[in-house]
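Both complexes shown next keep chain A, but they swap its partner, so chain B is in the first and chain C is in the second.
Moving on to the complex of A and B:
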């Protein structure tokens, strides 16, 4: 691997992304938001609890909806970053192959304050990525205590988006594309040591 | 010898469905071009990037990004009237540097 992650993080932090006079954070030709993690956690988990309370028909609807919301967010945000001048000037020169680009995207994710993520393995068919401090697992534990199942829905969608951006690209132009999806196989909200996401092609 | 003074412009939509423009200029972006950009306001140049990144965010005018040695400039105009002024000055700037084709 040729990616200098600390150099990427230093450079992105050095760019000092912040709101301009219009309140827009235009950091990588995408519009970023500076959001309270606790607020996001509260509305997503209350949404899940509300659907569970509504009855059997809706009990399992929140998870796929919140994962897809994370996927759409990750796909558009990181695709914008991947196409930006900042990517071309800073990260693209370090990348020898598409696997390196996944590591480059992960470095920007860390630089933007999404936790400390690490790519464990990546091939064109599969990504295994871990984080020791996703804000969703921390937020869930704080609000509701230990969970019976994995809770990092937004992060799961974002993990899938990385593989779709680098190895698929036309995921929204071609709805029948054999795109990637992710599963959170370990989660700190279940008292695992870290959260782990495995991304593979949909069957 | 033929002297070309113009640039090409391509319109793109951003994620908020707003217009962004990519200007392709005749000459590669260099220190002289950065001096030209400074006439519009402060310029940030990230020189620790392998390819230095140029960024501007000028209130009521535009946001701009470009890479050193590239010929492409990405711009979002906050004020449509300013776009005409920018293009006029850009055209003049490019006409000062003859290119041969």
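Moving on to the complex of A and C:
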């Protein structure tokens, strides 16, 4: 059986997560918000610009900090999805191997409103994943125009988290659980045709 | 009852409200990102977050109130906005003790405070920066004011002590 991405996307979209009587969305062991893409883009890029304006010593500080925030996001949310009853019932039966699980996680990501994502290639050592419409590149271009460097920090962190969740041994016990890292090798904010993320083990 | 229409675009995998993208994110990201900006003392991380929330809320609800002409009074508009706050998972919010000059807004439940306490426990200072800015933007849209016409200060925060959060709104 191959991964039926459309079925997964339809199922997650069909769940229609929304606030309960307390205004809380309690799903996949996390509290979710159906939040404004514009808010995340404004605070991330204003933060980046403020650090750049502060001087040479701080100009490049925003990138690793925002990527790590993305990694924390991905590691917690998608680990919760991976361990959920919904995964066990719908997606696990489609998976023949760990590579299929990466494709399954990507299918769930496609239901979160983050744009269209596709796994280009995956092995236990490397993941290449692309999107034609990340909300980060859309937001950056709208506010600031073309960038000299890649700007999809959340997405970079999340891409790394997928490999750490699936291919890292003993995720809970291993203090080096953060063993994969990602680079955004192409970005629409640099006027590339798509955004591409390459994930490999840290050396 | 009037409600904001959140639609799913199957071609672009985007969830849209009033033409703007909504994206699902968890309390881990929301709180970690907030803390990242807050901890960088050389920039005004708190101000960046409050003002960004003000801008997105004002833009969203200025357009929404134009599109929903059945909403005639500020009370109706604020109830409409508070329904979105709840559906989006931000918590519960009550504008009933406000008027055109300001007033008191309460959040019996706040996603940000709840998420922060779940991750790190209680803290020393109020932390619902998103709610603070959102309230300022929504009040300005509902009472037909300009973007920066209201100041909002969180005077009680569940992430510091007790239950629920409170915000004082004053007109500039």
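Observations on the model:
The criterion applied here is as follows: the second predicted complex is superposed on the first by the 192 of 203 C-alpha atoms of A that agree within 3 Å, B and C clash if a C-alpha of one lies under 4 Å from a C-alpha of the other, contacts with A are read in each partner's own complex, and residues count from 1 in each chain.
Here, contacts are C-beta pairs under 8 Å (C-beta built on N, C-alpha and C of every residue); 3 or more make two chains touch, one makes a residue touch a chain.
Note that the structure is predicted; figures quoted are calculated from it, not measured.
Once the two complexes are laid over each other on the shared chain, residue contacts for A:37 go to chain C alone; chain B is not touched.
When both complexes are overlaid on chain A, the residue A:141 reaches neither chain B nor chain C. Contacts of A:76 after superposition: both chain B and chain C are touched. Contacts of A:22 after superposition: both chain B and chain C are touched. Judged by the number of chain A residues each one touches, C leads among chain B and chain C. In the superposed pair of complexes, A:128 makes contact with neither chain B nor chain C.
Of the two partner chains placed by superposition, only chain B is touched by A:88; chain C is not. Annotation: chain A residues 22, 30-31, 76, 80 touch chain B in one complex and chain C in the other. Touching chain C in their complex are the following residues of chain A: 9, 13, 17-19, 22-25, 30-40, 42-44, 46-47, 50-51, 54, 58, 61, 65-66, 68-70, 72-73, 76-77, 80, 110-117, 133, 135, 138, 154. Across the interface of their complex, chain A is touched by residues 6, 8, 12-15, 20-30, 32-33, 36-37, 40, 42-45, 48-49, 52-53, 55-56, 59-60, 85-93, 108-109, 111, 114-115, 118, 130 of chain C.
Per the touch definition, chain B reaches chain A in the complex via residues 14-16, 20, 46, 48-53, 55, 57, 59, 63, 65-68, 70, 74, 76, 78. Against chain B, in their complex, chain A makes its touches with residues 11, 14-15, 20-22, 26, 29-31, 76, 80, 84-86, 88-90, 93-94.
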